[in-house]
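Here's the structure, in C-alpha cells; my notes come after.
Chain IDs A, B and C follow the sequence of writing; residue 1 opens each chain.
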C-alpha cells in the first residue's frame, strides 16, 4: 500500500493514476434504455446515453454555461437538455441550442469520450497522450455465443480497484469468505495444484482438481456420469478478469484442451476505477447448461450475486483497515503469486 | 469559480471573504419569541435572542469560561445562562454572575454584535475596520405597508451565497426549473425584452412582457379586464435582492411609472453567507390582492415556497458539480449580463 | 486548547500524544465472554479476547497477510482465525497456521500488547521507550470488597479525554447540568468549602457539606437519624479518577477519617483516549447500602447512568464549539483549581 504522500507526489507528476491507454467498461448495455446514467469513472463525471441513432455516447457531466450536472436535465430524442437554462447538446458534446439566443458561442460544447458498445458491454477509451484508440475493445464472445446464457450487474465499491484484483487472483478465499455459498472444503481449495503463467498483457492462474465429487449445481446443469475433473482458470488483463471454471467427466479429456467439453461457468469481471479510493465492478456470468437451461442459468446468477455480496463486505472492511494501518507491511504467502504479478503489470501502465 | 488555493491565499491576506461593511439579515422577527436562535452567519456562530426590553441581541455563541455553546443554556428574562457552570450574560455580552464567586473576572464577557430590528427583519452590521455602522439598515417598506400582506421563511443552502445571486439575477431559468409552478412558456421567458442598468450599489434588470394573457393567479388576485402588461424588475444589492413582478391592464400606464397600479408581487431575498460554502436564504413575498386578500396572499406564499424548493435542489446540485470540475471555465450567454455585473459588485467589496 | 498546527508539530516530534508509560483501562471484564471486542485505544486498533486459558489478550486488529481486520474473523477456542484466507493466530500474536502451506513465514505475526485483568478491569500497558511495565496496574479494592456492590458501563465520546477530566474535577456543574437527577441547590454546590491537594501522581479535591439534609437516595440506603455531614472527594490520577461521595450522621466522626462509616458511593472513572479527538469512558459505581442492598445499588447505578448521559451531551457540544472557536481564550473562575492542576500533570507525561 503506497502511503498518502507518495500517492500525492505521483498525482502531481503524472495525472494518470490509473493504467492508461486502455479500454474500460463503463456500463452494461442493458442499463441503457431511454435514460441517462450519471457515473464517475477514472475520476471523470460522465453522462452515458443513447443518441438519436441508438449509439451510446459519453459526455462530461457538466453544462458549459453555469456548471450544472447535465444528468439533472432531460434526454430529448437522444440529445441532452440542461435543466437550468435549457442549453441542448448532441451526442458529440456540441451545444446545438441556446434558448433565447440565435448565435451559439463557439466555446459552447462539452468534452465527449470515445465509447464503443460491443457484446453487451460499453467500453471507454482512457487515453493519455494517445487520444486515438489504436486497438479494438476486447472481444468477449460468450455474451453472444449460442451455447451460453448470461446475466450480470454492476456493484459500487468503497475500495480501490486493485483490492478486487487481489481478491479474484486468489480463489483460495472461497473457503473462508464464501462458507455459505460456493465455499466447500478449505483444505481442498488451499491445496489444489496451481500454475501461474504470464505474457505481456495477461497473468493466468490455473488450478486443477482431478477426480472430485461433482457439486450439486454441476450435477443439476450437466449429465455427469460419475467423478469429475474440475478446473479454475483466472485470466487477468489490466481492465478486466475472465474466470473460467467448470468440469468434465473424469479422465475424458485433457484440462489443457481449450475446446474441452463439460459444464462451463465463464465469469467476466471488469473493475473500473471511479476514484483513487472507489470503483465500479461490472460482472457477468455465462453458463452452458445442458439441462433446464434457463433455470440453471438463473440459479448460477443468483449464487454468484450472493457470493459477490460477501466479497464486497470483506474488501470494504479490508480497505478501511488498510487506511488505519497505512504504513504496515504485508507478509506474503503461497497463494499470492498471481496477485503479485497482476499488481506489477498494473504498476507498469500507470 | 476561484480555485481552492486562490481562495486560501485570499483568506490569509484578508480575513473578510464576504462583502464587508454591510448590513446582513440574520433572522426574521417572527422567529424570535421566548427562544434563542443558534445560527452561524458570516463564519460567526451566534445566539440571537430578545433581551429584557424585547430588543434583539446577537452574541458570540461561546461561554468565555470553558467554551460551551451558550445556545445549550437557557434564556432567563432576557439574559443567557450557560448550561455548564451557570455563568449569566446580559444582552451586551457582559457576564453579570459567576455562581459561587463574588467578583466577576474583568475578562468575563463575550463579543456582542450590532443588530437592528426593522420592518420584521433583523439586520447585523458586518464590519471590517469600520466597527461603527455609518449607514442605516436598508428600508423595506412593503413589510409595513397597508396595501400589502406578506410572509416568508429561511432556507439553509449547501451552496455559497453567490450561486443564489446568479439564480435570481436571471429569471429565464423559470422555463426549465419551474415547469410545475410558475414556469410557463420557455420561448416567451427567454425572449422577453431585457434592460440592465447599474449604479454604485445596485444592478437593476428589467423585463417587460407586453400584451400577455394573465396567468391564473393574477386573474384571481386582481380584476383584470383583458390582456395585461407584465414586468419583472430585479433590483440587486449586495446583501439582498428585491424582485418586483406584476401586471397592469394592457396599455393603461407606462411600465416605467414607479407608482403604477395593478397586481404586485414584491419578493425580498436576503442571502447571508453562513460559511464560504453554505448560506442562509431569508425570503418574504408581499402582495396586494384586491380580491379575497388573505387567501390569495397565502396561495402566492405557497407557490413561492414550492418554487424555492425547486431552486434549492438545482443550486445545491450545481455547487456539488462545480466542486467536481473546479478548474473548468464557464461559457457566457445573453442572459448572464445581470449576474456578471452583480458578481463584479460583490468582488469589489471583499 | 492547543491549536491544530501546534498539535501536528507535537505529533511529529513525539509520537506519544497521550500520557505515556501508564496503565489504561481498555475493557470491563464483563464485556468479554466468547467474543472478540474490536476497540481502538490510544490510536491503536485492537482485538481483545480471552485465549484458551481464559486469559485476556490484546492484538493489533490486522492480519499480517492482506491487512484484513482480525475482528472480521472468528474466535476458535481462544485463537483468532482471519476471515479472508484463514490464517490462525494465538494469543501472543504468533501465526500458527497458514492454510495450504506447511511453513509459516517468520514474519507472520501481529503485535501483541501487555494486558492484565484485575478486579473486573482489563488494563493495557501503554509504553514509549519503556516496553516492560515496571509498575503494577492500579489496585481498585471496591470491585471485590464484601461491603460493596457495583456495576458499570463503557461510553464512547466524540470528545477528547481531557474534557471529561475537566468535567469530573469540578462537580459544581451538577447544579446546572444535572437538574433532573443529582443536581440539587445551585448555591450549596457552588459555595461548598473546597480543598485541593496534590502529590506526584494525584490531585485531590475535597468538598464538605456539614449538617445538611439527607437526600432521598441516602435516606433509603442507610439508617440516618437526622442531619448528615456529606463529602465529595475527587482523586485524580492520569488514567482514571476516583470519586468518593457519601455521608455520616452529623457530628459523629471527622470527615478526614479515612475509615469513617456511613453511606458510601465510590465512582470509578477510567477515561482512555481512542484518538486525539475521541475517547472511551469506562465507569463503575460501588455502593454499600445497609438496607435493601441489591435494590438500592441498582437505583444508584440507574441514576448514575442518567447523569452520565447528560454529561455526554454537554461535553460533546462543548468540544464541537471549541473546534469552532479554536483560537479563543478561556477565562478562569474559582472552581477551576482542580482541573488546572490535573491538566498540568497530564501535560508533563506527554
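Criterion: contacts are C-beta pairs under 8 Å (C-beta built on N, C-alpha and C of every residue); 3 or more make two chains touch, one makes a residue touch a chain.
These numbers were taken from a predicted model, which means no experiment stands behind them.
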Chain C and chain B - chains in contact with each: A
Magnitude of the superposing rotation for chain A and chain B (Cα, nearest 5°): 120
Type of chain A:chain C copy interface by residue overlap (half), same or different: different
Chain centre separation in whole Å, for chain C relative to chain A (CA means): 49
Junction residues of chain B - those touching two or more other chains: none
Interfacial residue positions of chain C with respect to chain B in the complex: 1, 166, 170, 172-173, 175-177, 186-187, 189-191, 314, 317-318, 320-322, 324-325, 328-335
Footprint of chain B on chain A - complex, ascending: 40, 45, 60-62, 64-69, 72, 81-87, 98-101, 105, 107-108
